[in-house]
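Order of writing sets the chain letters: A, B, C and D. Residues in each chain are counted from 1.
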Amino acid sequence: MDLEFTEQEQEFRREARAWLTANVPAEPLPSMDTREGFLAHRAWERKLFDARWAVVSWPREYGGREAGLTEWLIFEEEYYRAGAPGRVSQNGIFLFAPTLFEFGTREQQDRYLPAMAAGEEIWVQGWSEPEAGSDLANVRSRAERDEERGGWRLSGQKIWSSRGTYGHRLFGLFRTDPGAQRHRGLTYFMVDLAAEGVTVRPIPQLDGEPGFAEVFLDDVFVPDADVLGGVDEGWKIMIATTGSERGLNLRSPGRFVAPANRLIELYRRDPRPAERDAVVRAWMDADAYRLFTFGTVTKLQAGGAIGADSSINKVFWSEMDVELHATALRLLGEAGELDDGDGGWLDGFLFALGGPIYAGTNEIQRNTIAERILGLPRAK
Amino acid sequence: MRLAYTEDQELFRDTVRDFLADRCTTADVRAAWAADTAISARWVELAKVGVTGIVIPEEHDGLGMGDEELAAVLVEAGRAALPEPLLESAVAAGLLAEFAPDAGWLAEIAAGRAAASVLLPGQRLAVEAAAADVLVIGLADGDLHVATPADCVLTARRSVDRSRKLFTVDFTPTARTLVASDTRRALARAADRGALGAAAQLLGLTRRMLDITVEYAKQRVQRGVPIGSHQSVQHHLANVLIKLEFARPVVLRAAYSLARDLPSAGRDVSMAKIYAGEAADLAARNCLQVHGAIGYTEEHDLQLFMKRAWALGTAWGDAGVHRDRIAADLLGDAPAPPTPAF
Amino acid sequence: MDLEFTEQEQEFRREARAWLTANVPAEPLPSMDTREGFLAHRAWERKLFDARWAVVSWPREYGGREAGLTEWLIFEEEYYRAGAPGRVSQNGIFLFAPTLFEFGTREQQDRYLPAMAAGEEIWVQGWSEPEAGSDLANVRSRAERDEERGGWRLSGQKIWSSRGTYGHRLFGLFRTDPGAQRHRGLTYFMVDLAAEGVTVRPIPQLDGEPGFAEVFLDDVFVPDADVLGGVDEGWKIMIATTGSERGLNLRSPGRFVAPANRLIELYRRDPRPAERDAVVRAWMDADAYRLFTFGTVTKLQAGGAIGADSSINKVFWSEMDVELHATALRLLGEAGELDDGDGGWLDGFLFALGGPIYAGTNEIQRNTIAERILGLPRAK
Amino acid sequence: MRLAYTEDQELFRDTVRDFLADRCTTADVRAAWAADTAISARWVELAKVGVTGIVIPEEHDGLGMGDEELAAVLVEAGRAALPEPLLESAVAAGLLAEFAPDAGWLAEIAAGRAAASVLLPGQRLAVEAAAADVLVIGLADGDLHVATPADCVLTARRSVDRSRKLFTVDFTPTARTLVASDTRRALARAADRGALGAAAQLLGLTRRMLDITVEYAKQRVQRGVPIGSHQSVQHHLANVLIKLEFARPVVLRAAYSLARDLPSAGRDVSMAKIYAGEAADLAARNCLQVHGAIGYTEEHDLQLFMKRAWALGTAWGDAGVHRDRIAADLLGDAPAPPTPAF
């Protein structure tokens, strides 16, 4: 075992910390789901990009630092420790970009990655559909061939698309083979949300802001150049992306270690012994999550894969996050119900409540754990 | 031994329930979210049903009832997420009836021409402090003041539940506003009435969240079956019902004890607040989970009830405060062994 | 509301308390699942019976006091408060007797109830079968008609029969119509365990004692006089009995209020603040259970029925009982693992662990709550 | 940064696992239940594999390894419910190596010719105190004694796990038995080794209970389907796996910290004991529940592992003790803000 960081990693941490200390805005930005906040967050992304901190794990040519997993985790720890703004480009750079790197053509990568990294184009996921529920194989939105123009005509409806209200481009699956069932006959498309035939209906979330949207597509033309990977091969490509969504990439331990430490401070300022154990629990769980992640990194660096383990991960962090924030609200006592209170704990609580739902509900995750890891027979 | 409301009490409660089903729809609740005050024309109508005067003596045109009836009605208020400050006004009215019965407010409140709010020792936030006609303010030293918003500097605060119009109150006591001293015992009792009332509302909120979600789980079909046929969904909702059914008699007993000022009343109320709070908390969590993303939207009605539940879980002493009180009673230095509460 | 006891009820309580104070053995009896303890417990039942405390809710002619529900609850509170021995005749008097009162002939009642009440004959339930699981409609044990001798010949296998090791008589369902499916064609029999063809295999429980047994029946003759109710009508009769098992009768609040109060004493003698909240929780839950029960009694006295509510009841008490005893073991610290420790907490813990399993697992109870009370569609 | 055992460590662990699979079956565990002592002929065989001498220096014929290797092996001991006092002997040997290396016991233990047990300040029960050849006894004043059972009055106590032969120890210290004073720091470290070792065993116990139950849930058919296809069963067992997978790296880190005497070692060990204890506790409860009545019998092997889990959850400081220590560290008066443990 070796739980030390290398001198190079420590230097990387120092550099990140110094830059963040100097550059993180003193006042929180307005919510990224308001028009004003969306712009402010994009400006912040630009600032990160200019200092080469927007996409640390990407190749240098696209603005990254080719950081390894450990360095990426270090950056995330420092990022959340500094209280830096949420990442408005998150679904693009963490969720979609890995797929684009793996399945996109060089031309597609050149066309989209720089603007994504710089916060110029915000990408929006187009997975769920109103009738498909959490089962993506039920996708009904369809793409019809338009030979004449050299592309496809997309129609249908996507829902729960985060950043959809103000975002620029959508990635998602559409049925190209109407005769095929379930996960066959699906193709992965990139769609310009400014194209003719696209209508976006913002959906206000629990916090009142339109954090996600419903996207209606009515005969929207998408050129062949915006098909990702092969036609009818969308499912396997999507699987790679959801692997990222549910796995290591999106939920770095830094996201939880930072609020857990803030929770400790909150308690020390105004101790409520009745909440002592809950505070200790929240801190320990964040710490355990960090250790678990380093264990996963160790496995990956030895050539292993995450696979269904990501379901274990997702259940743990999503439930921990709710408990952590609920504990903070209890510590605040009477002020726990205030939405204009200090520390943004209520916002954090409302945000955390989505965790057990999105990216596959925790019920489905537990089925996956039982069936794919423990080998139990399929649930009826 | 009879642990249930009387027929008269049930009749009164049912009247209120019917009234609220008609006059306090979720559209009405949303309207209160958007308004500056949640006190609307409905206040006078509530008064006509008798609701604003439950604890006001009959000589001041009230119903002259007590905590049992108040709790019964507040369950219905919770079920409807009634935006008006029914509980706060009742707590204030109780103190007015005891210490300032002739100040003229009681009949006004009973008639729905006035609304009251209250600030007790330890509280820093008052509901509807700006729109209320009268503010009853108890201080830590036991002094009781009857003031108006004009006597205070009010700062609006935003609750997660936008129908709760909260204010921090900066109040400078004067001889004019002082109505009584040495009221600590009455103030503590008022706080218990507040906690009981919150517990009652939390029961109603739990029931409503459960009803909404059971309906959804029956209707919503995924992969060809209603989601309510999944064992995980069934167990989520069964667990909510279990919590609710065990909280209900605990709240009932607290109302009984408080109404009679039994020695165990404080502990009984604390237990009621804890049990009802836990039921509502679990309901919010499990009902949201069963709904999935649709429940996470502001458009869906579930959020109205979840947010009220979170706010009331915190208000009038959260679980930690009440657990401390029970622990002191059961485990403290007092020599008496714990006895059944009745 | 009226949460006072009447003067008559209070007098009943005083009388019960006085008798119990004078008569409960100072030292705990040996486990009723040892041969020695079985005899000692039967002797205790006899003593109860002689003082008319064995079956307080039964008619006077069978040794009871015709106590109402409230008085019964009062008696149970006093019984457990006094630390009186467990009831070795429990399955007979609480589980089987209500059925015998409702469906038995006068002759059957006269034949069996007095010996049951006096602890002379211990009754054993014959519900589960090895392959039937928790679904009693899967009963395979069969009864064949023996016209000549005027009775039936029973064959098959029953399992998890509490007190089966030393008990005298078994009640249970056997299939009299081999062509009928599921809950049809079953008949309720009373079987002498000393009869020819009966073999009893004791099964040691977690505590090491043979608290239940497997009962093998090989062509056991049972006369018509020992058929309870009509032939092929066993299912509806059984339902009445399981209603008792899962409902109010078996789990009186006194069973939990007494140990909850002992837990408080344990804490006060040697406080461990880390366990404070768990102790408070255990006491509150026992108190809540008592209130819930009084609510049920109120409903019953107004002419209501328990029905599926008993599932709510069962889940609550069984899980509360485990937590209560687990808390006590934690309070004992290092001594928590001792089986020869003071207070019998470990024995109580092991006993409590059976609660979520027997009389319908808590998983099945939750399904019942969801389907029969909430009206959700049947689980797949 | 590498949070995993080395290849050498894994090789050693696998050797022990294979040995135990062969030589410590559940029949063997049951034999230990019935015997007066759980120290059997297997002790010499364990010594041959190196297991009794893991923390004994090489100059005394041990392997000269430390807490990491000890923890790795104790996971396997837990998986097998090994009845011998491997942990207690190792804790004793560690103290002997530090304070009485030349008393002659170390090589005897390493060779399996002797077994040791230990009693630290705050403990009142010692495992195998009668059958052990040497008892290492630390007193609250910091004195360390090396005694034999003959120096003590022993009273046998019965653990829920009958393979744990427990005794209360009545010991009168003498000049003859005293080997060192002022050993408080070493005694505290020894207690941490004990807690870490218990945590490691609890991991192995959890895994074994889960394996037994997954197998049962696949095989057992009710109403025509394997019970493992029910969502409630799936979720019970998934929850156990989640607890286990998150406890595992916590225990690993504690072994790392303790092996290097890092400043955070005490807190890390406490966290390991808590997480592994909770995993084992949930495993016992859920696995019993999935089995139903058959799991409630003494005939079924599940009970061997459940009972060991309950005993080890209590031994070496239960969750309350360790939570108190972590809380004091995180929330106490010390000014340092909490930092990541590495």
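Following the convention adopted for this analysis, a residue touches a chain if its C-beta (ideal position, glycine included) is under 8 Å from a C-beta of that chain, and two chains touch if they have at least 3 such contacts.
Remember, predicted model here, so these are calculated numbers, not experimental data.
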Quick one: which chain's Cα centre is the longest way from subunit A's?
C
Have a look at A-C versus B-C and report the one with more C-beta pairs in contact.
B-C
Report, in whole Å, the distance between the mean C-alpha point of subunit A and the mean C-alpha point of subunit C.
54
When the C-alpha atoms of subunit A and subunit D are each averaged to a single point, how far apart are the two points in Å?
41
Subunit C touches at least 2 other chains through residues 274, 277, 363, 366, 380
Subunit B residues counted as touching two or more neighbouring chains:
230-233, 235, 323
Which residues, counting only subunit B, touch subunit A once they are in their complex?
123-125, 157-161, 164, 166, 222-223, 230, 232-233, 285, 288-289, 292-293, 296-299, 303, 310-311, 314-315, 318-321, 323-324
With touch defined as at the start, can you tell me which subunit B residues reach subunit C in the complex?
1-6, 68, 210, 214, 217-218, 225-226, 228-231, 233-235, 237-239, 241-242, 245-250, 252-253, 255-256, 271, 274-275, 323, 326-327, 330-331, 337-338, 340-342
Interface with subunit B, subunit A side, in the complex: residues 128, 133-135, 138, 159-160, 203-206, 208, 212, 272, 274-275, 322, 329-330, 332-340, 346, 350, 353-354, 356-358, 361-363, 366
State the interface residues of subunit C toward subunit B in the complex, per the touch definition above.
1-6, 9, 70, 77, 257, 261, 264-265, 267-268, 271, 276-277, 279-280, 283-284, 287-292, 294-295, 297-299, 301-302, 309, 312, 315-316, 363, 365-367, 369-371, 373-380
Given the complex, residues on subunit D that touch subunit B span 230-232, 235
